[in-house]
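Before I ask anything, let me first share the structure, which is written out below as structure tokens.
A, B, C, D and E are the chain letters, set down in written order, and residue numbers restart from 1 in every chain.
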Amino acid sequence: MSAQPLLDVRDLKVHFRTRGRTVRAVDGVSFDIAPGEVLGLVGESGCGKSTVGRALTQLERATAGQALFEGQDILSMSRRQFLPLRRHIQMIFQDPYASLNPRLTVAQTLSEPLFIHKIARSRKDAQARIAETLDLVGLGPEAMTRYPHEFSGGQRQRIGIARVMILEPKLVIADEAVSALDVSIQAQVLNLIKKLQRDSGMAMLFISHDLGVVRHISDRVAVMSAGKIVETGDKSAIFEAPQDAYTRRLLDSIPRIMPLKETS
Amino acid sequence: MMAVASIRSVFAGRTFAQIGLVWLAFVALAAIFSPLIAPFDPYEIDPIARLTEPGWPHLFGTDHFGRDSFSRALYGARMTVLIGLGAVIVALLTGGLVGMLSAYFTRLGHVLMRGVDVLMAFPALLMALVLMTLLERSVMNTIIVIGVVYATTTARILFGMTLKLKGEVFVDAAVCSGAGHASILFRHILPNLVSPLLVQASFIFAFAQLQAAALDFLGLGLPPEVPSWGNMLSEERIYVTRAPWLLIFPGALIILSVFSMNLVGDAMRDSIDPRFKDDIAGV
Amino acid sequence: MALLDVENLEISIRFGHELLPVVRGVSFSVDENETLGIVGESGCGKSLTALAIMGLLEGSGVRVTGGRMRFGGRDLLAMSADERRHIMGNDMAMIFQEPMTSLNPVYRVGDQIIEALQQHRNLSRRAARRRAIELLDLVRIPEPDSRVDSFPHQLSGGQRQRVMIAMALSCDPKLLIADEPTTALDVTVQKEVLDLMLDLQKRTGTAIILISHDLGVIAETCNSVAVMYWGRLVETAPTDALFETLAHPYTRGLLHSIPAIDRDVDWLDAIPGRVPTIGEQIAGCPFHPRCPRAESRCRHEVPQPREIAPGHLVECHFPYGGDR
Amino acid sequence: MLFYTIKRLLALIPTLLAATMLVFLFVHLIPGDPASILLGDTATPEEVAALTRELGLDEPLWTQYLIWLGNVLQGDLGTSVFFGTPVLTVIADGAETSILLATMTMVWIVLFGVPIGIVSAMNKGRWIDQITSGGAMLFASIPTFWLGLYLILLFAVGLGWLPSSGFPSLTDTGGVTNLRYLILPSLTLAAPNAALIIRLVRASMLDVSREDHVRTARAKGLRPSRVAIRHIFRNALISVTAAFGFTFAALVSEAVVTETVFSLPGIGRLVVQSILRRDYPVIQGVILVIVVLYMFINLLVDLAYARLDPRISLK
Amino acid sequence: MTITSWLKTATAAGAFLAIAGAAQAEGVLRYATVGEPPTLDQQVVTSDLATTIAQHVFEGLYTFDSSNSPVPLLAAGETISEDGKTITIALREGVKFHNGQDMTSADVVASLKRWGEFGSRGGLLFEHVESVEATGDHEIRITLSAPFGPWKNLMAFLNGGPAIYPASIVEGAGKEPLSPENYIGTGPYSFNAWEANRYVELVRFDDYVSPEGEADGYGGERVAEFDALRFIPVPDVGTRVSGLRAGDYDYAESIPGDLFAELEGDPNVNTILNGGPLFGLVFMNSSAGPLAENYALRRAIQQAIDKVPALQIAIGPEGLWRSNGSFLPEGNVWYTEAGTEAFSQGDAEGARAAAEAAGYTGEPIKFMVSTNYPFHYDTAIVYTKQLAQAGFNIDLQVYDWATLIEKRSQPDQWDMFFTHHGFVPDPILISVMNDNYPGWWATPEKAELKAAFTASSDPAERVDIWSQIQELIYEQVPTMKTGDVYTYNIASPELDGLGEATLIWPHFWNVSK
């Protein structure tokens, strides 16, 4: 790992005030991600893992803490200041049905970031880039003029990934990116994400509740519970020799398919 | 192409809604072509031919001015369309904008929606009454007043719907792409509100007719000489036994049109995003 | 004779004027003390099968269009609605996927259990309440005396699912159908709920049909497994046999698609293509467009179930481990 | 619950204050002045000016507002310019009719709306549903005054079964039988609103029937009627209740017309007449009372809502 | 339940309700009014409705008989001095107020004084009054500065007239109308209750002392047959008609002409014509605007209009209106055809030429009308059409009555407005004679004639002067008469003693059910 992390999160806190009560969704979380590294963030529902991702993209305002992206604190930036950095910090969402605007064609969805970040100079330029990116995620150029409802779940998630990849970001936050997909499709998309990550050398914060998926895709893993990170480490360390009691309980709970023998 | 297909799918198998649609088309045609089809000048007074029974050439009879009711009814279609569309435009433009902006900009919303709350506390007709007395009786003022009355409910509805859409993942996705406020509001949120807004518009259109008729009845609506169905009813209501046709025809026209609009709205509501169904009151 | 015998079940959905079959030719049986797992991806028809057995399809535009279902020797499809209701919740009970929404939010959980009890048992309200508390205790809800008066929203997801189980078990059913009972729960809670179900089964001998998309859950819980793909049962076998053989290419593909928890695999062996939609027309074996072993025969001929080992049925022309 | 109620009541104050200001402003912007109307045709401008001064209508608007507000806070809504009696008395006189009318209307709405809505929902798509929901929509499409006019012709003039108009107080000769004066008006008023409730009950029941817990209830082996009433309707009632606040506002609006058609001495007609007479204190008073009542009813609806839906915590 | 049995049940239920309805007290007259009167204080109010009600409660010294001549009511008789300046009026003795007190000259003097100072029409007489004093317990003396012809008519006209109140109430009372608890008069019915929006109720006054003589018009014997009179506001005319037909009211006023034939043919309804017609007036602005001093232009407007179609449309049946240019109807002593050749010409072309000659260049003429009175509105619509044909640019402004009343007091807001006038027994009472009435007609010619008119007490001379005034009205056109309208009311056939026609206001003494 390189000495300078791409993202360095220090004591991140996100608290919500609802009905006079304070909910400490994220309560002092610190981690870092090196360029090209995949950090898996795993935990059960409500542990605050998604909020970490949302805070890093300013979808949620952090209550305290720092997140240095290439040395700049992105948490303290205004919406306007953060805009140029958005290109480098992108997010893949869980629900491929909901994350695409049903009223926009694929081309419209994909061209929006291109024009906002002034990557494409012309419509033609944009078209070319979109076709290229769609190809990258395994979709044909004919997809451009179609609307999200004309695609299957797996294809929609590919579109979601294309929207991220078209900006060639340095850091991708994948929030339960494959949870809503059926097993057979999930495998395809996981393979795609892994391939794209390796090919582009982007770093990734992979948020998931599924330990198997996290193990498959991550280099390092952080385990979160009740707003705090209980254990961070190399994935083999976490999965083979968990130190924390919670991590152990989590791993023990996973149903396993024992009698696995290959016959062919 | 897509629009035609979706209209077809909305009304497929709904015989009544189809009939309603056909009727509304008639009303629209009458509104557009009334000067061409009307056999008489709707304002032409004839002291001799007062209160003539329906027949030829006065299909709907004549009123106490001796004016041809059929021609007035045809011109009345104009008022129906004008008031309906006008009220819809006023309500959606003012109320819609307030609702959308309030939901999107939370702090502004606190202030604006409070104001909407205040206005909502005034029963619709009461507010319309006071406003109409305040202004002069004119077509424009009637439209504005009815539009304003429905603006409050529209603001509420749009507030709720925008709030729901604001929480949608695709809005988050747009934010992550770097989209600005205007782009999110008008490119991402608004297009998703088009069909529920159409439904809301159809209900406003329908209720505006009843509201306008009630105002006409109370003598605070359209200027009385304007040929509108509500005026026809209200001006000639003392002739209910003396010249029953003067109440039956315009009454039936109002009921049919409001009913049709409700049927159409209802059919459209069943086809929109189920999340928004509860937001639109309708009938 | 098995407790539940499903033969050639066909379920169709009304789509405009057409009836599209969504479950076709499904046969299986369940015995007392047995746990049958039905596994498959979304839209494969596993939930509809469960609802059909339970008799809950009525009024949904989906209905049974063929086959037979016998429960305790009686033909379920020939029964009147009243007779069917007498079995529902009594001899046969069901728990559902969403514990958050499966309980009526406006009634106390105790009352909802009592309602089930009083429907089939001639109990006084006081006795029913006592029984409800016992049941809550049975499903290991802490402080059942006070929890009986809680509203569903005051309970956690896991607790709600336990209440559902308590309600389902209230009349000592012979058959319990659990449709994705743990999908909405966290893994730690999932384990507790599954353990509870098996434990109760041990005590009561209830037969269970467990429906899940999670092979792991099925493998840990069930005696036998039925794998569904696009409305058909492609492979049925005792659990051990199934995972040992993985005879159907789909079963095998499914298993290989799951990222393992205890090994590092660089690339997953994913099944290519996508699950066909309901209305699609596929000649021959429905899996052939995605099948690594497909040959021309698969494109033309619909495979029939074959027994490749005792109790191990496969719908495939060229199953793994079979004679080619 | 009590704490919540108090909190809600306090929260009403700013809204109410804004509402009073609006009422006052609107009413005073209306052209026409009470002095000229009161003095009639032959009054000289000097006389009008004198009376205007006497009525305090020559003060700046905001002074008038503050004076008025101060009096309102002390329970004094002023004196009717037209009647010369306290506004509160004038309103109280109209209240009997309006409250009885509203109550009777509500009874019809619940009596017709709820059962028909339930039957309609339980028979979704069948002829009985098509007739009831179509009929409901038709009724909601009829102008109130038109309906009232024909009801009078049929039942009062034609058949002579019911009185045509007016309402002698319950304390008048006839006592409780005087309620028959309110049958036609309340039916007129109920028609569109019952229609609304029918459709609402139907729609909410259909929505609820798609919820998971209804499947649970059916899985218990409950009779369809029990599922419909105890599980579907009970839950649908929550959203139906919310509509009652809305219905109240609609009732007030339509009561203005209905009371005019039937010449009922209620608050609705009082508003219209007072507007025509430019009786500012009465207009203000009535609107204020209605607004307060509306807010109060909304509060009641919210409280009922919370009682019906245990998920809503009032803490 | 079969259809027939359902019908039977329904009919039975209906019958029950109908019977319950008939339980209404027999001795109550239910009168459906167009609205509510502002007050019953006759001295200050000129509303016809107020007088209809109040004439049962309050009485003046004189009233009118059926030929519209003043006859004594509370007065016993009068003597007038030679020079016509001193009038001594003897009062009837034994007349009681509703509070039990005897009516004496003190009450009459106090009442007259307040009327003279604050009463709506009191000024007309009191301009000429030097003093009013009691000359005995039941005698008063009025001293005039100069002979004043119409004094008796003014005293007999109760509307805005000198109703007699107890001195204790009227002393110190000002312009402000009396409050209901002070409604104490001498009439056959006493004031009982005013339920806002619901009714005004009068009850029989048992100690009433009636004037002697056969009932004739408002004069003669008055007998209160009802226990109570209830005046119920029913503003919607359709409801008034339906209500009377359904038996909910015994009497309903102000019914549209078009329903006359139908109602007359209805055995359940009696129609009662009003004897004194009312007439529409279009006032012209003499104070500001294009019409202010331009009599030629006003005459051109007058020339353009044919009054008949408007009457046909606004009123309907021929019998209910008369295209009559005289301000007082045919048969009345004040009837004169002076100037009436200009009344209804309908000469569009002539009018166009005349207007041009008068310098009219098409500037808009603001014509205000209210919808509260349908016949105003209907007439205005017809006139507007006719004027448009003659090239006038009429800007018809439709308001509600309250707005119109406010606007008409502002000279810059209007050029013409529409109103109507009730029948009056003396032309001095016609509003256009009042210089302050909106329109503000106060030319030297008018002043001269008016002075002569009021100074004379010779009936023949007065009629002659009035004809000159009427001629002047047709010449200067301060207002345009639209024709006579004979309104009618409807009553239940059960009412006895109503007679064929009403004089001015329907009264219910000598009437029973």
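We adopt the following convention: a contact is a pair of C-beta atoms (placed from the backbone, for glycine too) under 8 Å apart; a residue touches a chain by one contact, two chains touch by 3 or more.
Just so it is clear, the model here is predicted, and its values are computed rather than measured.
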Any chain touching subunit C and subunit D at once appears in the list none
State which chains count as neighbours of subunit A and simultaneously of subunit E. B
In whole angstrom, what separates the CA-based centres of subunit B and subunit D? 22
Approximately how many whole Å separate the CA-defined centres of subunit C and subunit E? 90
Could you please state the distance in Å, as a whole number, between where the Cα atoms of subunit B are centred and where those of subunit E are centred? 44
CA centroids of subunit A and subunit C: separation to the nearest Å works out as 33
Check each residue of subunit D and list the ones that touch at least two other chains. 31, 149, 153, 260
Show the residues in subunit B shared as contacts by 2 or more other chains, in ascending order. 133, 237, 240-241
Hey, which chains are touching each other here? A-B, A-C, B-D, B-E, C-D, D-E
Per the touch rule, the subunit D residues reaching subunit B in their complex are 14-15, 18-19, 22, 26-27, 29-31, 134, 136-138, 140-146, 149-150, 153, 195-196, 199, 203, 207, 239, 243, 246, 249-250, 252-254, 256-257, 260, 271-272, 275, 283, 287, 290-291, 294-295
Subunit D-facing residues of subunit B, complex: 16, 114-115, 117-126, 129-131, 133-134, 206, 210, 213-214, 217-218, 230, 233-234, 237, 240-241, 247, 251, 254-255, 258-259, 262-263, 266, 277-278, 281-283
Touching subunit A in the complex, subunit C uses residues 41-42, 186-188, 190-191, 194, 213-217, 219-221, 240, 243-246, 253-262, 264-265, 267-272, 274-275, 290, 320-321
Subunit A - residues contacting subunit C, complex: 44-45, 152, 154-155, 182-188, 190-191, 194, 209-213, 215-217, 235-236, 239, 249-261, 263-264
Quick one: which bits of subunit B touch subunit E in the complex? Just the residue numbers, please. 43, 45, 47-48, 50-51, 64-66, 133, 136-137, 219-220, 223-225, 235, 237-242
